[in-house]
Amino acid sequence: MATDRALFIGRFQPFHHGHQKVVERLLELYDEVIIAIGSAESSFTEDNPFSAGERVDMVRAAFTPSQLSRLVIIPVRDVNDHSLWVSHLKSYVPSFRVVHSNNPLVTELFDRAGVKVVPIEYVDRGLKEGKLIRELMAEGKDEWKRHVPEGCADFIESIKGAERLREMKRKR
Amino acid sequence: MATDRALFIGRFQPFHHGHQKVVERLLELYDEVIIAIGSAESSFTEDNPFSAGERVDMVRAAFTPSQLSRLVIIPVRDVNDHSLWVSHLKSYVPSFRVVHSNNPLVTELFDRAGVKVVPIEYVDRGLKEGKLIRELMAEGKDEWKRHVPEGCADFIESIKGAERLREMKRKR
Amino acid sequence: MATDRALFIGRFQPFHHGHQKVVERLLELYDEVIIAIGSAESSFTEDNPFSAGERVDMVRAAFTPSQLSRLVIIPVRDVNDHSLWVSHLKSYVPSFRVVHSNNPLVTELFDRAGVKVVPIEYVDRGLKEGKLIRELMAEGKDEWKRHVPEGCADFIESIKGAERLREMKRKR
Amino acid sequence: MATDRALFIGRFQPFHHGHQKVVERLLELYDEVIIAIGSAESSFTEDNPFSAGERVDMVRAAFTPSQLSRLVIIPVRDVNDHSLWVSHLKSYVPSFRVVHSNNPLVTELFDRAGVKVVPIEYVDRGLKEGKLIRELMAEGKDEWKRHVPEGCADFIESIKGAERLREMKRKR
Amino acid sequence: MATDRALFIGRFQPFHHGHQKVVERLLELYDEVIIAIGSAESSFTEDNPFSAGERVDMVRAAFTPSQLSRLVIIPVRDVNDHSLWVSHLKSYVPSFRVVHSNNPLVTELFDRAGVKVVPIEYVDRGLKEGKLIRELMAEGKDEWKRHVPEGCADFIESIKGAERLREMKRKR
Amino acid sequence: MATDRALFIGRFQPFHHGHQKVVERLLELYDEVIIAIGSAESSFTEDNPFSAGERVDMVRAAFTPSQLSRLVIIPVRDVNDHSLWVSHLKSYVPSFRVVHSNNPLVTELFDRAGVKVVPIEYVDRGLKEGKLIRELMAEGKDEWKRHVPEGCADFIESIKGAERLREMKRKR
């Protein structure tokens, strides 16, 4: 029988507690969870400070080996043409049954492609949380660590992630 | 302490016993193994019949949950400009210490970027094995199943992978 | 009630009698016929000597005003990733019900997207005919004119199309 | 003798009465009118809600068969490099003698390429009209139908075009 | 012994006295100076009015033959993915030892690639000066000529560069 | 008065005596010579072993300071669409009056754009010479040095260029 998978899409700049809760909830409901890391080609900008590879590292740092064995983490770059986006995404990730997203464009595009989309409570807050965390980092406030899983915070510190944002802001 | 990772690159069209042996050996030597699925944007051609997402499914089908928790499977598309290739790859995968590859261009490019490259015994044979398996599929010979892990074979059958190649050849 | 349209895809290098017959037959069966001009971005090569715009001119030259009013001629460039091709094409042409094609890849990709594909008798011969016509042009033999509609031949002469191929061959 | 053609460029998001009047006027002055649908690769955004194919459908719905036989409707995607734009456009459309446009950049680029450009009275107002129509759609006001030809309005309703904009706005 | 080169990066829209002073200073310190013309693919916009080729002409007009023999002027287009930028640039220019730049992103990216970056005093003011000059041009004030080397001013006049900006602004 | 410039296009893999003679002859006839380095984005392949930047280094090594002050060396990447090629090239190089080339496609495309093209005697032999030199390098024969200017040979040795080709061939 085919593995029952849910797809969860985000930019994860950075991966935070809100994202973690969504993934943990989805792991209770499905065999496996695909975490698609969007805007994978972007990095070193104020909105997208971390590379796709760094974001893979962050996500992995937030889960146990047993959880990791059921997570499929896939970076997906943007395509300019929205009408290609669903086909593009589907060609990069293994098969899935349901998409969990609150993004209106994502919802519209999957709807039209006949894929079931389920809204998420946490993410709307989460989106704002991502921006908040990046601002705290840029302002040099250690408070950002409270918003992300401990393993993520350690990883971000090891690559001097907060300094990267602070530097970019300072020199702007 | 940082996770000690090896990088293993291939197109995995399809993932076969030779690939599996390499990964199993690397899992003995490193904390985690990154499997970079090259030419990720290619599918439905005779050389690259399977999409990146299908290849992720194939690779996962060849390993146990405990092995999967230590595998990082990342599709990476080609970039036309070889001088960008190492930077491109590094931005899509988490950090790693060693590359295992027999491809001369891969070796040259990583060498120049100061990354340690170690040759693999299995792969050279493996490259030819991939071509052989695709030819067996295209000729409608069930023998191809002997060359790939059982889980892969089941997955390929579930998507009628061999028929895809047979069809392409027949109509050519 | 929606217009009932068939889609006919080709490179039309150049548009010849075989293509014309297919289009005329389809005009009997459907309200309108979409002629998708593939590899639209290619020109000035031996396989693709004519630009998309020139090919639009050629196709139009082969039909009467009354037929033209029911033809939808759309240049469509290639996308490298085959898994995006159907979405790409669909975003450039108006809605259609059936595809007429003999190309195995086109057939496979539309099949998978749930679009009905009907084979064409003329085209297989037509594909070879395109190559033959280009060779006649390159060899400087006026015979090529017998293979294309009169209006096309006139247009091709007005842009010195045969000379273009002859020149490319001579200097190769 | 060569067909005397004018080129008319727009994004047609959506095609409205202002556009229709321009085309009808040009049909009086020239043998044929080329309608180049700009930003063809964009869709499902607030500025570019409709795909190129949908816009082809819209334009066709606004004219009679006899007019359609003299219209050449061609989607043209953007190229980032403005210095390539005229060459790019010319390679996608059949030959033409005059461009009708009010866009300063379009005018400058064609001027430099030695192509005659004639300003249009309607379009300046038309550009604003496009934005106005999209806003009416997004606000759920049926008034938008008064601004577009009846056939266009019917087509847009058949694809739930106004809902698309409303949905995008609501969830923003 | 290898030529000792410094790399100086800018968009040079247009090349002005501030840029000239930096280059003259660098010519005192190094064997040769590489002038990388960034955003090479952009032209005919308000921020990037001049093509890469025109900017090459401008730069050359500001120096003597003896200086020119020690300048390496190379247009470099943008790449969207910042993590590829250093590799991209390095593949287009000859080898160099030091980068002179005040741009925080440029600095960060070269730092990470292990290339020495030295800040410049003139450029920060220079960046603002570029914008100021373009505004003076757009407003039709001849004052802009005072900000650029005489040879540049002559060249810009020969291509009616100020008119280009004025025209774009007027019609906006 | 405008500088009278000739344009000379090649891939220069590597720059050899044939190229050098052409450039020296053109320097006698024109104020300045633009050397456009084609296929600039290609490197580390058997046909295009050297990066654009390395080729800039090679070309510069073949001339005296006084000659260098009259050379404009510009890397130009390929564009897939031939109909864009002349516009693309012109946007990257300063203005020129004449093109010197033997390539039939280059000739055809510039002809159509109204640019004067003059054939070169040396280059036809030169094209074959490039291939010959790369083969000598790949076979490990020092004889290749006889075919390139002394400065080029020194530069190629400093980057172990011949080894690069030998390595690629050996491991193929």
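Read from first to last, the chains carry the letters A, B, C, D, E and F; within each, the first residue is number 1.
Criterion: contacts are C-beta pairs under 8 Å (C-beta built on N, C-alpha and C of every residue); 3 or more make two chains touch, one makes a residue touch a chain.
Computed from a prediction, not measured in an experiment: that's the story for all the values here.
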Mutual neighbours - chains that touch chain E and chain F alike: B, D
Least hop count linking chain D to chain F through chains in contact: 1
Superposition rotation for chain A onto chain B, Cα-based, multiple of 5°: 180
Interface composition of copies chain B and chain F: same or different, split at half: different
Centre-to-centre distance between chain C and chain B (centres being mean Cα positions), rounded to whole Å: 38
Centroid spacing, where centroids are CA-atom means, of chain A and chain C in whole angstrom: 44
Junction residues of chain B, two or more chains touched: 41, 43, 51, 81, 83, 90-91
Arrangement of touching chains [line / ring / star / complete / other]: other
Which chain pairs touch, all of them: A-B, A-C, A-D, A-E, B-C, B-E, B-F, C-D, C-F, D-E, D-F, E-F
Of chain F, residues touching chain D in the complex: 79, 81, 83-84, 86-88, 90-91
Of all residues in chain E, those that touch chain F in their complex: 2, 40-41, 43, 51-54, 56-57, 60, 65-66, 68-70, 72-75, 77, 90-95, 158
For the chain E and chain D complex, residues of the former touching the latter: 41-45, 51, 164, 167-168, 170-172
Chain E-touching residues of chain D, taken from the complex the two chains share: 80-83, 102-105, 107-109
